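In what comes next, chain A is part of two complexes: it sits with chain B in the first one and with chain C in the second one.
Showing the complex of A and B:
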């Protein structure tokens, strides 16, 4: 059963997933080229000063990329489901509704995770070539909230797309944007050092929101 | 008597608009019930309530004894559902969609599906979105047949189909239902197709059920009488125990009634309506449907 869900979700999302993965790899490569370029034209001490004292982030190009990934995956996965109310077909399958909805968002979450993993390995690798491990760790603490903003956007877009009532869609939007924005407050490094775990836990609560609007769709909620 | 479907005191509103009030109907195991009605009378609403996609204002539906809003996976596996417009996963081709659904249904039989697919002129990689409406209808039907459900719920199967595909759909459905003793709940706008398919009919009007009875009984008891008015041609006969519907074009009048000719003639005489050439006119199910629901 899980294999079948994976198969269907893959058919819907393969182009979005492939395109985004290629974009992530291109961006990681760009970060590498950019550092090489900087080192060619500037003295290493200036780059060190820029990073440590001025807070220059050589990876800031990825700032909106997790957000974009979450949004595109959410749209690619759930717009075909609500087009002509096809989700009814899924909910008619002989499985508990929460199980099938959870399987679907697990597949989307897995795709996002794979993308994140590839990009994180790439960024850690690139950073480790040029910088001390403390800078790489600091980069991770800075960018992980951005990645979780992408997770929030993925689950929120699923929640909003599945919601049957337009007024509620509009009401959910500022909640999702507001929370994602908290994770994107600034590109200044180490900002979330103390609050990272709290934000991660809160982000995961958005998974439940998909189940709630999925159930609202199922029972044909009219208000 | 065992029922596959029982709907009890269903009432539904969209906002303040009443769709129907306290509607009751049952579907016997192994029978075919046609839900008929004009646009906007609540056919799809009923299908949605029955499938648990819509909560009624009040009342309950039961499928194989289970509340339709809380069906167990085992009961869901016994119900085949055709969505209005033959909606399916249009991003799949005929092999992908068969492979996908087969993983969910324990009694899956791919043979009837591929038998139907062999009649379609589609390429193996052709996605459903690139097929004609008729071809998509056959894919949707084939998937339901492969599921081998005990109850089939078909919402307006005839939508967008040309006569050939409609006939193909009906032929397969009829053969399957009779051979396997399946229960079918079907809605359609093409009443003429229903005549030889359904055992019982439920006709919805605006806000109420107009009729619920076996088709044979309906066709035997419901009559159409035509006559010419010979006198006052500006009469209007209201619905009562004799007149079910009355139509008048110039001086050509039609009465639809469950009463025999003798009763109708004495009724007209009693009212002092002048008439001539009153005769019973044979009806198809479509004529009878129009008689019950009216042309407007």
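Showing the complex of A and C:
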């Protein structure tokens, strides 16, 4: 039965997943050609200087991509569930509702994870071609919070979209958006160097937030 | 029950989010601009003068005499020398000596150290400029260096590979002076927009200080033999045409030093209980005096020093502290604590908590009673909701919002 649920999720999301993965790869490639392009006009030492001393980030195009990925996956997966009350059917299958919801978010979570892994490998590879490890590490410390903003958006979208009561949806929204926004401070590199672990742990709190909604749904919450 | 614990995780998130955004909104609406005056010492009348740009009486001295802008500038001919020269109103002589504009220009310097400078993200790669190229202006090198736990490495930027030959030569030069790897701090001024280059001042693992620069492609490395016991918290290296000092040091025990050109002698400059964590220091110099200006949320202090760095006059002005005004007091009543992602003492993003005493406890107790009332009316079991009440009691308005957003599951009908 779980297998069937997983297959259903795949059917819903395959286009979103494929499209996003292609977009990620295109963006990583863009980061590469952008550096190559810059190198035609400036000495490598000038680019290094701009990065290290002036805070130029050759990877800033990544900024909204994790958010976009989390949002699109969330919409593709959960909006179909609330139209024509499909979730009600899903949750009436003879499996515990937590287990069903958990398998659902595992699918989306795994897709997000695959995109993240592919893009991180790509970015580390590209960065290491041109720059010293100190610069690549700085890139990672700088972009990881953006990635976790995407994690927050995806998992909270499950909680918000599936929530049956509109008032709750509206109340959950500022908590999720407000927290995701905390991960998006910009202006300089390595800003989250000292707080990265705290932010990651807090972001992971959102993973199971959909179970709150599932529980309320099952109970037939009215407010 | 798992869902119950997840609800509490989300409540933690909601409390954090509320404690960040609500005080932020509060201060956006009620913030007060504390106007810090500019304080200058007049070499003409030997008094402190203050400039308050946003007030109706802008130009005064410490005794309250008022001046026009032109009079004020006449009393500060060194500070405003470009304006006075441009309008042909520069006096011919000052303090019994003829005025020499080029000397004025050479002697002026200003070094500012804010608390944030001591805690700032960096990428530990440094361009080492050629300090004696024979060219008029400095040029950026094609490589950068880093100091590992064993040696100094130069990385060629265009090939992204280590220049073993150069790294070897410079490592040898550091070893010769007794460098203990790795480096605790590397301080320099990597820019080509300066008159000359003094390279970097590097603190090694045993707290010794070294100067490293490149002279005609060769390493110039010198252990400056700083007094033992001097632990560097921060250094600001800035090449001044005056060539009086290489830069300044703030030590771990909050003392302020200059590294002089006189055989790297480390000279203590009195700074009057300076705390770099919350105080901005401005070190200024001109042809006659040196000055140290210390500004924090409570006061503005200006110390005037002669060129031997002995204090001869001081100016103290208490500043209105926003936290002690009505808006600050109200804040301490309604918010049990506030969280900010930014801090005036660090560039890093973090959860910076602020507490303002326990005045909030009254409001929190009232909010808790309110919560109990709401729970009763909605028909929740009061004795099953004790954790919720404890959350409101401790986190006040934030907690109330959090438990209102993520309502209990009991009797979710």
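Here, the second predicted complex is superposed on the first by the 220 of 223 C-alpha atoms of A that agree within 3 Å, B and C clash if a C-alpha of one lies under 4 Å from a C-alpha of the other, contacts with A are read in each partner's own complex, and residues count from 1 in each chain.
Heads up, the rule we're going with is that a contact is a pair of C-beta atoms (placed from the backbone, for glycine too) under 8 Å apart; a residue touches a chain by one contact, two chains touch by 3 or more.
None of the values given here were measured: they were computed from a predicted structure.
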Partner chain(s) touched by A:205 [first = chain B, second = chain C, both, neither]: second
First (chain B), second (chain C), both or neither touched by A:88: first
Chain B versus chain C as contact partner of A:182, first or second or both or neither: second
Which superposed partner A:129 touches (first chain B, second chain C, both, neither): second
Partner touching more residues of chain A, whether chain B or chain C: C
Contacts of A:53 with chain B and chain C, given as first, second, both or neither: second
Partner chain(s) touched by A:219 [first = chain B, second = chain C, both, neither]: both
Shared contact residues on chain A - chain B and chain C: 219-220, 222
Complex contact set, residues of chain A against chain B: 1, 3-4, 7-8, 11-12, 80, 84-86, 88-89, 91-96, 218-220, 222
Residue numbers on chain C that touch chain A, as the complex places them: 2-3, 6-7, 9-10, 12-14, 16-17, 20-21, 121-127, 140-144, 146, 155, 157-158, 160, 190-191, 341, 347-351, 404-407, 409, 412-413
Chain B to chain A touching residues, read off their complex: 14, 48, 51-55, 69, 73-74, 76-77, 79, 81, 83, 85, 87-92, 96, 99-101, 103-105
Chain C-facing residues of chain A, complex: 43-49, 51-53, 98, 129-132, 134-135, 138, 168, 171-172, 174-175, 178-179, 182, 185, 188-195, 198, 202, 205-206, 208-209, 211-212, 214-216, 219-223
